[in-house]
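Chain naming follows the written order as A, B, C, D and E, and within any one chain the residues start at number 1.
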Amino acid sequence: MTVDNIKTTLEQSLPGKIIELTHPSARVMFLHVAKADLVAACTVLRDQLGFYHLSTITGRDTGDKLEALYHFARSGMTLTVRAQTERSRPSLPTIIGVYPGATFYEREVHDMVGIVIDGHPDLRPLVLPEGWPDGIHPLRKDWQYNREEGVIK
Amino acid sequence: MALEKLVKWSRVSSPWLLHFNSGSCNGCDIEIVAALMPRYDLERFGALLKASPRHADVLVCTGPVTRQQADRLKRIYDQMAEPKFVVAVGSCACSGEVFRGLYNCMGGIDSVIPVNAYIPGCAARPDAILDGVAKLLAALKKG
Amino acid sequence: MSETFVLPVGPQHPALKEPTSFRFKVDGEYIVDADLRLGYNHRGMEKGCEARTYVQDIYLLERVCGICSNAHMTCFAQGVERLMGIEPPPRGVFIRCLMGELERIHSHLLWLGVAGHEIGFDTFFMYTWRDREVVMDLLEMVSGNRVNYGMQTFGGVRRDLDGMQIKTLLEGIAALKARTPYYLNLGATEPTMVARIAGVGKLPREKAIELTAAGPTTRASGVDFDVRKDDPYAGFGDLIPFTIVTDNGCDVLARVVVRAKEMMASYDIMEFILRNLPAGEVRTKAPRKVPEGETVSRVEAQRGELIHYIRANGTDKPDRVKVRAPTLANWPSTLYMLRGAYLADIPIIMAAIDPCLSCTDRMAVISDVRGGEKVWDWETLRQYGIEFHRRRGIRP
Amino acid sequence: MDLLKVALYLLVYPGLLFLFVYSTFVEWVDRKLYARFQHRRGPLYTGRAGLLQPIADFVKLMAKEDIVPSSADKPLFNAVPVLALAAVLTSGLLLPVWHFTTGIVSATSFPGDIIVMAYLLSLPTFAYFLAGWASASMYASIGAVRVLTLLFSYEVPMFLAILSPAVMAGSWRMAEIARFYQLHPGYLPVNIIAFAVAILALQAKLERLPFDIPEAETELVGGTFTEYSGRKLALFRLLTDVQMVTGAGFLATLFLAGFPGGLVPGFLWFIAKTLFIVLILSAIRAVTARIRIDQMVNFSWSYLAPAALLQLVAVIIVKGYLP
Amino acid sequence: MSLRLGAMLPEVFRHLFKRPATVLYPFEKNTVPARLRGRPVMDPDKCIGCRMCERDCPAEAIEVTQESETRTDDGKVKRRFSMVVYVDRCAHCGQCEEICPAKPDKAIKLNEFFEEAAFDRGALKIVYK
């Protein structure tokens, strides 16, 4: 399946919902959709384009927004779906209905950047050592770790 | 005197090891296992790898000590019966190495428990580990 | 003994050389439910990467794990090269690929031994590790270190091979090639071994796909998922031929077979590389600053697909580096395999995915042992832990 | 004179001193063989070729801090190792190493001593169970339950197996059984199946691979001994070694025609025959993987016990045709 | 599937009569490969004080300090640098050697020494003056 094929299928199946579709280098594509269209996009990827494998989910702090990047794979192509959410009450819908293997990845995103995953059955705070202060997400850009003096010699 | 000498001799001749990974990259852990394998065969010195902290004399630690592990490292150390020794294997167990300053690392075994011998290296070669163990035993024999 | 109780395994449990903690609900000798808590090895490397330069990052990421150190380096280097828009010269590509395959051999031999050890077959463990020293010597000869080879860099590899080394490599590979069938034969026929691994840890094909398993775990369930084929890198695809190994057994035995056959395939790849090594430079010059952009880089590490997401902001430090190593991809399927298994099969089932937690360990599943679903803070949990162990006679 | 002899018997040969020294030697042989099988060296620097290694281990443990877990049943926890050691040491005394003629019936050789011996050899297993139980730690308790399960699966084949040579020889006294085979070595091969069964059962009794299920390090840390440290752990280790010696001696008496020829040749025979059995035990340990507890139970009820029974029937039939 | 009991038996017994694979390491030295990345050694005579090594070291193992500044007769400034290498931090990556621009010979190199074990971290702080 070529890049053009993927492009046309996506445009047909997600009319008007594609915010951006880029192809920066061979076998790498990025697709930006709105938060509300995330699950629909995932379903299209799985059912119509044969992306059977979810590699992982990356959480990222863009500065003014938070975003999650869903990396999907199939033979000959890696496609990343980008979905953004506002900083004030960050949340994204879960995709475990489409890709059950996403459980752990979603929990990780929740921990590291603090995006709440709506509909995830088991979102107890996790990651990080026990007793990690609430509301601190290490991968947010506004959190900096300052080495404690004396701990590290 | 005679008895003391005998006890000292027995201690030097029979170091039982407990291996603890405090968050290392596995590199040194593999090399510790390699030191027990036919090529280097640590059992020559009477060393055996034990699973229960109650049975061990030497705690062989690797890793820069993650916050989560710091507590457990301490607990394991306390569970061991006296006399006990701690050996830090690998540069990251000695000082934190490339993990220095990461928010979840304490940086070195000695930030949590006292260490008797340091074996730097990344990874510490099995022969470097052997060398360290031999040096520790020689020092115990003397003092 | 039909009473159900919870057996915490780890983080000091000997079956896991790395710290992790499982909670098993056990009914007699059966596992009713399995729960997993990671996080013991979380070091905060992704954040650390943002504060270091690319040059420092490649060495930091190499130390995500001592077993696929080279895979991490390769993955990061190739991602950054993509952003820089440079390509390593052919000789560099070949040596990069050679390192990957050598590392695969060392890792699979290590795994074979550990799997033997987990079921109490220590002689097997000793033999495989004795022969593993052959690969270790080769790796050390080429790179100067037994674990963190430090071979990859932006724009190629850091060290070249000379004629003498190529000869030694070919000899070593031939010796290993002669030896591997013996292990395959043993693993697949020694009765005590077979009795322990056949039919154990079933993972049906659909489940393997659904739970996004990777590497030999999924290939042993009949899925031909291999990054070397799907997203060719380091010369695979056009320059270097290779074959994918799959098996339809779906159990631990199948995973042994897949790994052993994969080793045979790797020997062929390496011999091809060494016989057809192009002449020329091994690296091109790379800039220190990386132009703005983002990319995804994937590599088939020994345990499966390894993926890095890299975002550059035009400076000499990355904006975001994300690492997802293969073991994390295999945990959901492992939990699936563990439910309903025997207590005695825990080690071998876990060993069968070849868990390496140093890269994976980023989550903690905090479950209330008494059945409730509450979240404890550090102190409560610690207090509970101390209590818990005191009741069982382990002094805090 | 008699007193001296008794003292000699109890303290020197085959009593305490001999059993202690010889059992450490046997442990050394076992470890060395195991290492050589694995293409390694094994203990090398403690004494000549590592000969003193087991003694160093023992002394070191004796001198180490001895922790009793606070939740453990203290009296039981402390008593178990001593009681168990006493049992195996007594079993050592029963070995017919002084009985070159079968006329005398003494305190250490009497009709039925074979049963007492088998019983004494089983006692440590109960001790392991109690040890695990008294530790009140999770790993140790699972280990303890496994010890019992294991006991029920190998004990019956063991008893059946030792019946064969006894029935053949028509005696319940070890010295007489050994003597019978010394006189009729031709009958030794008849018991070969029983011998194999007994070897496997002994391996299980000693909790060595492939039957080290209760100690399964990769599942249960140190099994029943997880909580033991220092002196008591030393006793347990000594106990296992002595048990190996007496167990090997027991099998040598029954299946390898005992130790003929008076004091010195008898002693040499003893060494040779027990070492032979140790060699077999080490080899089994080297070439097998640990089996699962349910497989063990299956194995012993569907193979070991029937084999031993078959052997017994065969022996009875052969016996019937005997002149 | 053929289940042959003791497929290993012959192999195992053969080893009884073979020389074990063990090397007697601390008592017999073994050879190390020429490329071994051991301890970083610096030569103050060659160092030009660019601090590239310090900047690239991933483990904060290097500290370069200026020792002296002298003016030669022809008016050139000559600076001398000393270096501290914390062996207990060094990751033996070899980046310092690779980046060092000193000509014609690198001022910092990794030698073949690896038996670093020590009882005290102070002993692992090595000063090159």
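A few points about this structure:
Just so it is clear, a residue touches a chain if its C-beta (ideal position, glycine included) is under 8 Å from a C-beta of that chain, and two chains touch if they have at least 3 such contacts.
Quantities reported herein were computed from a predicted structural model and do not represent experimental measurements.
The minimum number of touch steps linking chain B to chain C comes to 1. Each chain gets a centre from the mean of its Cα atoms; the one farthest from the centre of chain E is D. Ranked by distance of CA centroids from chain A, the top chain is D.
More C-beta pairs in contact connect the chains of C-D than those of the other pair, out of D-E and C-D. Between chain C and chain E the centroid-to-centroid distance comes to 27 Å (mean Cα coordinates, whole Å). Centre-to-centre spacing of chain A and chain C amounts to 23 Å, using the average Cα coordinate of each chain. Remark: chain B and chain D have CA centroids separated by 35 Å (rounded to whole angstrom).
Inter-chain centre distance (chain B to chain E, centres taken as mean C-alpha positions): 22 Å. The set of chain C residues touching two or more other chains comprises 14, 39, 42, 44, 47, 56, 59-60, 63, 123-124, 126-127, 130, 145, 148, 190, 364, 382, 394-395.
Of all residues in chain D, those touching 2 or more other chains are 35, 37-41, 67, 217, 221, 227, 286-287, listed in ascending order.
Contacts with at least two other chains are made by residues 37-39, 41, 44, 51, 66, 68, 79, 95-98, 100-105, 110, 122, 125 of chain B. Within the complex, the chain E residues that touch chain B are 20-26, 30, 58-60, 86-93, 114-121, 124.
Those residues of chain B that touch chain D in the complex are listed here as 6-7, 9-11, 13-14, 37-38, 41, 43-46, 50-52, 54-55, 57, 79, 81-83. Interface residues of chain C, counted against chain D in their complex, comprise 1, 5, 7-8, 13-15, 29, 116-124, 126-127, 130, 190, 192-193, 195-196, 342-347, 390-395. Residues 19-31, 33-34, 37-39, 51, 53, 63-64, 66, 68-69, 71-72, 75-76, 78-79, 92, 97-99, 101-105, 122-123, 125 of chain B are the ones that touch chain C when the two sit in their complex.
Listing the residues of chain A that touch chain C in their complex gives 24-25, 27-28, 30, 52-56, 58, 60-61, 69, 71, 73-78, 80, 99-105, 107-108, 111-112, 124-132, 138-139, 145.
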